Amino acid sequence: MSVRMIADKTVKIVLFTSAIISIIVVLAIGFFIFRESIEAWTKLGVGEILFGAVWRPGQDQYGILAMIIGSVSVTFGAILLGVPLALGCAIFLAEIAPAGVQAVVRPAVQLLAGIPSVVYGLFGMVILVPLVRNLNVPGNSGYGLLAASIVLAVMILPTIASIAEDAIRAVPENYRHGSLALGATKWQTITKVVLPAGKSGILAGVILGVGRALGETMAMIMVIGNSVIMPKPLSGNPLTYYLSQARTLTGNIAVEINYATGVHESALFATGVVLFGLIMIVNASARWIIRGQKFVEKANEEQVC
Amino acid sequence: MLEERLSEIAFFHKAQAQSLKREHLRQKIWLGLMWLVGLITVSILILVVGYVLVQGGKAISWEFLATSPKGGISGEGGISTTIATTFYLVGLTLLIATPLGVGAAVFLIEYAGEQSISSKFLRVVIGVANFAVEILAGIPSIIFGLFGYALFVSTLNFGFSLLSAALAGACLVLPTIIRTTEEALLAVPDDYRRGSLALGATKWQTLYRIVLPAGLPGIITGVILSVGRVISETAIFYVTLGGSYHLPNSIMDGGRTLALHLYYLAMDTRAFDKAMGTGAVLVVMIILINLLIDLVSRKLTAGVRKVR
Amino acid sequence: MKSNKKSILLVVSFLLIASLVAACSGTSTPGAPVSDPAADNSTITVSGSTTVQPLAEKLAEAFMTENTGVRIDVQGGGSSVGVKAAGEGTSDIGMASREIKESELAEFPNLEIFVIARDGIAIVAHPDVSISNLTVEQVRDIFSGKVTNWKELGGEDQNIFVVSREEGSGTRGAFEEMVMGEDALITSSAILQPSNGSVRTTVSTTPYSVGYLSFGYLDDTVKSISIDGVAPTEPNAADGSYPIVRPLNMLTNGEPTGNVKAFLDFILSEAGQKLVVEDGYISVK
């Protein structure tokens, strides 16, 4: 009997240890990345790094503003292109498609999520970059925000679509019946009843998509050109902003970490800290919104009861 | 007078009918658009996967699969060692992550609701652990790479090696394994646990003999998902694995996975045909993994139905 | 069915225990040297410059066919990393494709430097570019962004796309030192690529682009441009008429011993230097 109890206790301790591993890993990630970046923060100053427009390690200039703007621009482009597609896909899967079609489209979306990012990058390099280069604008090399945004849009589509689909499915069936009974068409029901009811879940999906976009690395290196410049329109047309080359925070780290020593290396870890912070903010807001949604659902249920 | 009124009513009805018609037309257009979106999504997949498979298929031969890369500036040789290295790394990563992930999930689910945990400490720990898993799930892979580089490669002096890469990779897949295992355990009916405990089994016996076997398909799904993530991951291994194309002899040697090889081929050697071939091998692996997950989850639901 | 599940479970729980043991033993002795390069000489790790990497890979293959039982792992990383890896002992041999800086010698005073070859840096352009000769000043103007159209140099009316290497790259360091000089900086709108190979890929696929490459990476996918009428070829570099030449170094921390010494001796031997020349580099003999 006592042997069994001891075994029970031991198992509990072992399981407890593995449970706190994830806590340890998160703390260790924060600790090591921050520790390595301290040299840069203290030697260069926080403002110098965050708002410095010039990144020239050879000249001891380590401003990452251009990379922050690059990351934000490419994410914005991906959201602009990807969200309508992802939302449409979610509505289609949840409300419109017959079961047979769902059985084709849903695995397709899942498979899109599973394809390695280097494969998207390769596809971008071989197909998209030459296509973009055909746009006849002086200074357009093909590499740049547009190609990167398109690649990224495809990569975040599955994330947003699957979360949004769940959110739409979570809207109680009564809502739809009620709306249809009042004489609304199916499309009116979807836009006026279902989407507003699932809004926060959908928004959370979009925000998680933003997080994914900010974090993508290899595909970005392969198509964005990696120039350390503030992106700017190539001609009078402001749309040519997206033909400009750029560099993302993630790309800055991956491309240079193997080349860096001393303050340069530390500044790359500082880039990591900024990226980490951005992602934390984005994911926390998604969490907050989802929690709000659950709260609303619960409130609704209680009302019904 | 009456006529006037009648015509007014008729007009009103007509207007209403027209607006209804318009509404239906709008619905038709929009629903059509949604069908188009679904079609576009499928076509994107077919375009990307199809292009890579067709172009890559041309490069793939038995020789390509079975010879090792020769290095050099134009990407000579095949991909045999990178396939082997991919499997080594997947194995090592999961060897580290699976027990930890399953253990963590078991603790978070099976011990969280335990009455005897009245101590506030444990409850707080469980709350924090759940939060930590959520954070981990959102961290971009390059951050895991940086972390692995700082801790395993430099500080612990493991160098660019399978071990460094697998430890960093384990951080990446840990949340996947924990979450899927948790879901699987939650799906196991509580009656099973009560029945076992009532028969005098200890908690561990109940877990080992009853709960874990019942949740096994779910756990396996999590592991297969993780296999897919390690196969496709590049950023982490780009900064922790070194990139030598030789077959690693021990876990302290560096290496090159398929995804990494694809990156080097495309970027460094311009051997786009071989890069496509490598991409095709990767895509086929991912498709197989998706099919496998489908199969397991189908078994899972079938099992649940049988239980009911 | 049931026993099947049980056996899977048994395997899983075995893995659990095994990995916990492994994890414990791994983390409890972080200070212990995991691969002491001096003690275990049958595996030599070489890391650093991506310029030297393909040459080192080739030399390693040749050395390994003669000395079975020795294994040489060649990894990239860049020149700065090569210096650091050799200095800190994380690699047996570091590779650097530029001169070693004073600051680096101060940090790692024990570094032994072996010049294994000399290498020219060629200016390369996309094959569409009609210009085939430039002066050093013109090259400087192109890369600093002063000249942005081929027309200004007598070529097509097309924008110039400058392709450069990352900061920290030895090729970039040598190029900056020998071409750009003290004052001129490489334009920030340059497309930056992380290796010689990716510069070549980008230049060969982007019309009207220009970049710089180690001689070892030259092939017919890019057009190499003469400097002051001298073509970037190995004989021209060897006799000193081609101006942009830098040393390729291998570094060890202290006097090399055992297989490391044997490998370096092999590289500097006649057979080794023959391979150097075969790959388009300049022999040091």
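Each chain carries a letter (A, B and C) given by its place in the written order, and its residues are counted from 1.
Just so we're on the same page, a residue touches a chain if its C-beta (ideal position, glycine included) is under 8 Å from a C-beta of that chain, and two chains touch if they have at least 3 such contacts.
Everything numeric in this text was worked out from a predicted model, so none of it was measured.
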Exercise. Comparing centres built from CA atoms, which chain ends up most distant from subunit B?
Worked result: C
Exercise. Across the interfaces A-B and B-C, which one involves more C-beta pairs in contact?
Worked result: A-B
Exercise. Whole-Å distance, subunit A centre to subunit C centre, using C-alpha means?
Worked result: 33
Exercise. Counting in whole Å, what is the centre-to-centre distance of subunit A and subunit B, each centre being its mean C-alpha position?
Worked result: 15
Exercise. How many angstrom between the C-alpha centroids of subunit C and subunit B?
Worked result: 35
Problem set entry | Sites on subunit B at which at least two other chains make contact | 99-100, 102-103, 155, 266-267
Problem set entry | Two or more partner chains touched - positions in subunit C | 20, 76, 193-194, 205
Seminar exercise, completed: Residue numbers in subunit A touching two or more further chains are 14, 221, 258
Exercise. Which residues, counting only subunit B, touch subunit A once they are in their complex?
Worked result: 23-24, 26-27, 30-31, 33-35, 37-38, 40-42, 44-45, 48-49, 51-52, 99-104, 106-108, 111, 125-126, 128-129, 132-136, 138-147, 149-151, 155, 171, 174-175, 178, 202-205, 207, 228, 231-235, 238-239, 259-260, 262-263, 266-267, 272, 275-276, 279, 282-283, 286-287, 289-290, 294
Exercise. In their complex, what parts of subunit A are in touch with subunit B?
Worked result: 4-5, 7-8, 11-12, 14-23, 25-26, 28-29, 32-33, 35-36, 84-85, 88-89, 91-93, 96-97, 101, 104-105, 107-112, 114-123, 125-127, 154, 157, 161, 185-188, 208, 211-212, 214-218, 221-222, 250, 253-254, 257-258, 268-269, 272, 275-276, 279-280, 283, 287
Exercise. Along subunit B, where are the residues that touch subunit C in the complex?
Worked result: 71-74, 95-96, 98-100, 102-103, 154-160, 163, 208, 212-213, 216, 219, 242-244, 246, 249, 252-254, 264, 266-270
Problem set entry | Residue numbers on subunit A that touch subunit C, as the complex places them | 14, 54, 56-59, 129-130, 133, 138-139, 141-143, 221, 225-229, 245, 247, 255-256, 258-261, 264
Problem set entry | List of subunit C residues in touch with subunit B within their complex | 2, 5-6, 8-9, 12-13, 15-20, 22-23, 26, 30, 33-35, 43, 45, 47, 50, 54, 57-58, 61, 71, 73-76, 90-91, 193-198, 200-201, 204-205, 216-217, 219, 221
